[in-house]
Amino acid sequence: MIRITGLYKEYPNGVQALCDVNLEIGNGEFVVLLGPSGAGKSTLLRCINGLVRPTAGQVEVNGVQVGAENGSNLRKLRRQIGMIFQQFNLVKRLRVLDNVLCGRLAYTPLWSSCFRFFSRRDVELAKSCLERVGLIDKAYQRADQLSGGQQQRVGIARALVQQPAVLLADEPLASLDPRSSRTVMETLREINCQDHITVIVSLHDVDLAMEFARRVVGIREGSVIMDKPVSQVTRKDLEYVYDGMATEPSINSGTYGRTEYAHA
Amino acid sequence: MIRITGLYKEYPNGVQALCDVNLEIGNGEFVVLLGPSGAGKSTLLRCINGLVRPTAGQVEVNGVQVGAENGSNLRKLRRQIGMIFQQFNLVKRLRVLDNVLCGRLAYTPLWSSCFRFFSRRDVELAKSCLERVGLIDKAYQRADQLSGGQQQRVGIARALVQQPAVLLADEPLASLDPRSSRTVMETLREINCQDHITVIVSLHDVDLAMEFARRVVGIREGSVIMDKPVSQVTRKDLEYVYDGMATEPSINSGTYGRTEYAHA
Amino acid sequence: MLMPDHEKIGPAWDGYLLLQRVLVLALLLSVYVWSAYGTNLSIAELVRGYPHVLDFLSRMFPPNLTIIPELVRPTIETIQIAIWGTTLAVLLAIPLGLLAAANLTPHPVLYAVARIILNALRAVSEMVFGLIFVAAVGLGPFPGVLALALHSAGMLGKFYAEAIENIDPGPVEALEATGAHKLQVIIYGVVPQVLPEFITYNLYRWEHNVRAATVLGLVGAGGIGFELITSMRLFKYADTASILLVILLTVTVVDYISSRIRSYVI
Amino acid sequence: MLMPDHEKIGPAWDGYLLLQRVLVLALLLSVYVWSAYGTNLSIAELVRGYPHVLDFLSRMFPPNLTIIPELVRPTIETIQIAIWGTTLAVLLAIPLGLLAAANLTPHPVLYAVARIILNALRAVSEMVFGLIFVAAVGLGPFPGVLALALHSAGMLGKFYAEAIENIDPGPVEALEATGAHKLQVIIYGVVPQVLPEFITYNLYRWEHNVRAATVLGLVGAGGIGFELITSMRLFKYADTASILLVILLTVTVVDYISSRIRSYVI
Amino acid sequence: GCGGGKENERSNPPADKQNAEMKVLKMGLIPAEDQEEMMKRFGSTIAYLEKKLGIKVEPFMATDYSGVIEAMRSKKVDVAFFGPFSYVLAADVANAEAFAVGVRSNGKSTYQSIIVAHKDSGIKTLNDLRGKDFVFVDPASTSGNLFPRVMLKKAGIDPEKDFKSVTYAGGHDAVELAIKNKKVPAGADNDITYEKMVKEGLISPEENIIIAKSDPIPGSPIVYRKDLPEDLKQKIKQAFLNMHNEDPQALSGYGEIIRYDEARDSDYNIIRETAKILNLDLKKMK
């Protein structure tokens, strides 16, 4: 259960990124955040696990207040919250496998992680997650030798290996081809359905959002301006979220911003 | 005119990223590169302006051989080739406007750029490009204070301000919302049509590719496996490029990897 | 010169900023002129002194290579001292540097304390530490090791701290978000990022400690720096030249090792 | 410890790598033990020397604050010398550092030459430079400035080069791709990335030069370091304590300035 | 005067156990002014001493006397070579006692400060120095600072007031070179360095002219800690005094020394008095 009440965030340079956000997300939900660039999606996600400290308002995850906690309590909370970053945030000089294993750190005794020892189980788990994102053959390469999409998938594997109760995904598909995108979204759905993991994902791909989400939250200029089950989301709603898309001439035949092409 | 013959690229770690690529792209073409993650799209684009040195083969741009040239000749060539990077590659500690102005460096006398002086014309041009990507209000902010999509648009503005003869765009839409994506693609089409600028863009969004491309090149495991005018591209072709997409269960009603949703 | 001016937007920018820059420049210029007077800078003097430099250098040639066998022992001695001096310094500097890094320090008070300790270690010259440790353990290489260790710790700690402040915060955030312990974040997120700098600083400091003639002379530890000073005092400039060659060799070897390790890590 | 092993894939990895690491560890350990013997390390000795350290420190207290007015002039003198010495060093080190950075050097030969020059500047101790310049321009602060400048240039150049090698190549590539001149790439792509390190190194070196007693003493330039040594040699430890306080004050002020400028830039 | 020896009762405990069963004699050597060469060839001297004393002798060569004095104060050094002024300090701070002094081939154990001027400076007498630049060696140097200052004072010259500027060169050699290169018209040095540099051809007596010489300065003494066991002190003293008879080899490598003569603490009172003339209050130096 994630409860966000009266959340404000103003960055030091004066940008008002979030403005009175109120949200309640139940356990096991699958929520997609939609919104134009700069709307505050990343900021909102980062407030949920305490990476960004709100100017005002509160975030509560499973009854624990984020931000009030610190030290080992905060760590315990974060251990349950996996995060996929928009800019990947990999440790570039570490190998892919080590990057993924980083997701297991919170489960590893301090002393043994100092020597870079991970349990055999963790290593197996990491490898299986790499397999899931199709990168097992790159396990021993340095992260900075990967293509954009490959790096993004490493970031996804790192979040999966954490086996969290809540998964925050910030544009996890940005650099992925349609097929990998689909695989990733299916993976997210799988862990959401099977393991009852709450998934909150910000997306720019409206089609995939419509297909996978069960609830859609629209954000614009720091405020939540739409919050509906996916079945009730209309074209108008989406136009409203992105503002002005309706005026585009190329929207036709009921599909959204897409033209037909030849079929074999 | 870009002529690529027998291009091979093997990275020092042994990865064969490109394998006998042959391509000819005429002036004023609008080419979209499609291909799964890790196919070699970025590598190919980077070979065209000489950022990656091929293991074998040649790239010729407007009759000038890339790589054989160096010093001021290479610079003159590169000045004509704008590039939008997948990972933005902004100078994070510079302001947005300065990042965009970097695109004018090759046109600025050395001595005056040393003191960070740009002509009034260049500054105006940079501002108009920022306007085009909708970021004029962030002009005096540091680049690292922007959201993902905003950073990407700064990278696009930097390439536009260069007023190149050839524009290489590596996933320019990755972090953009549908509306911004469309604006960017329209901008690319505009400069392609009006100024006869050759545009080569790698994309993951098949719909947009189909809508804007005039020619589609499919890459897989370092080889060109498809090269057709967009009108002749079939669903089968795309399945072939991404391999295995046909087996996905959710492809229906003639659209590609997309489900219908409610209409208002 | 490359200061970001995020706050200044719009037309006010140009005039205000120009004024500010002109003022800073004028201030800097006057400091330089003032210092030039204070230090009697004179290019003319330097140019006129040119024959004396040649005379000095000519007395160094040809280097007296016959003394090189005698230099082996002092060189090894100094290398050993520098190894321990630098290693102890590193061990001291790591915790201090972590506490003195603004982006990693657990508490502002700890930050301030760590900075003060580092400043004090650098302010107390190696000679003073040398005397203290001679009093404690007598003459020889051991007090030299201790003196070098303490002073070097001040320098290394400061450098570590500032290298850490420069890192990309992204990976660190990512690790924090997994719920990893601070120490784990440091080992997996910070260390790989600062490793090249770490190598640079430590090997530079080692090299510096090999050349640390003054302290080692003071504590009676001898070494290659001692030979250098002695040869200069005896006006045996041909010997001096040989000793400089040996030092150059050591420096070059270390520089090479450093660049190899770094190119492997970067 | 954190070496990447990209090439080793699969099951062969564990055993081979373990062996390699054990061997490296054993080697390192034996070097340390060997050096410990060579330098007569002994913790017992250090612990037993404890009362002598106290005796030493007690002779420093209370610091003789009455001499502080007399220290103002030497302090200002040294600050001036350090300003010019460091500035000249920076001017020399910038081109050398750029050439000695593997990722920026226009040609491997220039790289090698620049590295050799930097190594030589570091190998030739400040004392030797001091003697040369005394011969050239006579006693006083000016030869001190020159000696500090040359030696510091060797150190700064190496640090610049390695800081440049560590930068994110992305922005540099982006600027190269626009057809910008190499110099423009450096000013817009490299400088903003290394600026914080640049500030750290230069201010550190300035601080070091303020404390550079030996050379300045040798060339007859005096200054605060010279006062320090003199007070120690005359066993006026209460004066020594005061001088250390003055140096600590200088160091702290510079450290504060440095951290302010850096936090503005980072 | 302030005879350093007498005031040292406080740190003069009876020879303690550690001394009684001393196995190693630690020796601190400071190459003062003219002795660097000797220090480098000290091996035969060590061998001679070990034979005579029957215990191991461990030498430490230091470039600066303050370390050796500190070590002596904390009883980590038993025997040391000092310059005359550093001896006075050591007697005061570290309970040291002079017992022998080297005699040079000219039969003298003393040396002299000199005032040197360049031939082109037109300086012929001390009085000509007024209004000129002047360079001393180092504030703590006996022959390069203390004695020259007394000479000047006796000639009615106050360096701080009557000279255009006063600097310290840091080394005896630096003074001579500065004068030779006309960077400064005149300065202070001692006769030993002067002669050595002339011999090496670094300066010539025609260019660097000696315009004044000081009273004899007692030579650099060999000292031991006062609280060593009496019999050991005697053995050490005898070993040095008999060196030229028993093993001239041990003197060698030190071509200019022909033997060691006995020295007493009171020989160095002249240094103490000189320091007093200059208001260098040794009592404050604790």
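We call the chains A, B, C, D and E, going by the order they appear; numbering starts again at 1 in every chain.
To be clear about the criterion, a residue touches a chain if its C-beta (ideal position, glycine included) is under 8 Å from a C-beta of that chain, and two chains touch if they have at least 3 such contacts.
To keep track of the chains, here are their UniProt names: A, B = Phosphonate ABC transporter ATP-binding protein; C, D = Phosphonate ABC transporter, permease protein PhnE.
All values reported here derive from a predicted model rather than from experimental measurement.
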Steps in the shortest chain-to-chain touch route ending at chain E and beginning at chain A: 2
Pair of chains ranked first by number of touching C-beta pairs: C-D
Distance from chain E to chain C - Cα centre to Cα centre, in angstrom: 35
Centre-of-Cα separation between chain B and chain A, whole angstrom: 26
Mean-CA-position distance for chain D and chain B (Å): 44
Where chain D touches two or more other chains, by residue: 2, 4, 6-7, 49, 52, 55-56, 131, 135, 137-138, 140, 192, 195, 232, 265-266
Per-residue overlap in chain B, given as positions that touch at least 2 other chains: 13, 87, 93-94, 116, 141, 145
Two or more partner chains touched - positions in chain E: 64, 66, 70, 73-74, 171, 181
Residues of chain B defined as touching chain A within the complex: 11, 13, 15, 34-38, 42, 86-87, 141, 145-150, 153, 170-171, 174-182, 204-208, 210-211, 230-237, 242-245, 248, 250, 254-264
List of chain E residues in touch with chain C within their complex: 26, 28-29, 31, 36-37, 39-40, 60-64, 66-68, 70-71, 73-74, 76-77, 171, 173, 181, 197, 200, 202
Complex contact set, residues of chain C against chain E: 52, 130-131, 134-140, 213-214, 217-220, 222, 226, 229-230, 233-235
Interfacial residue positions of chain A with respect to chain C in the complex: 13, 49, 51, 74-83, 85, 87-94, 98, 102-103, 105-106, 108, 110, 113-114, 116, 155, 158, 162
Touching residues (chain side chain E, partner chain D) in the complex: 64-66, 69-70, 73-74, 89, 92-93, 135, 138-140, 167-171, 174, 177-178, 181-184, 280, 284-286
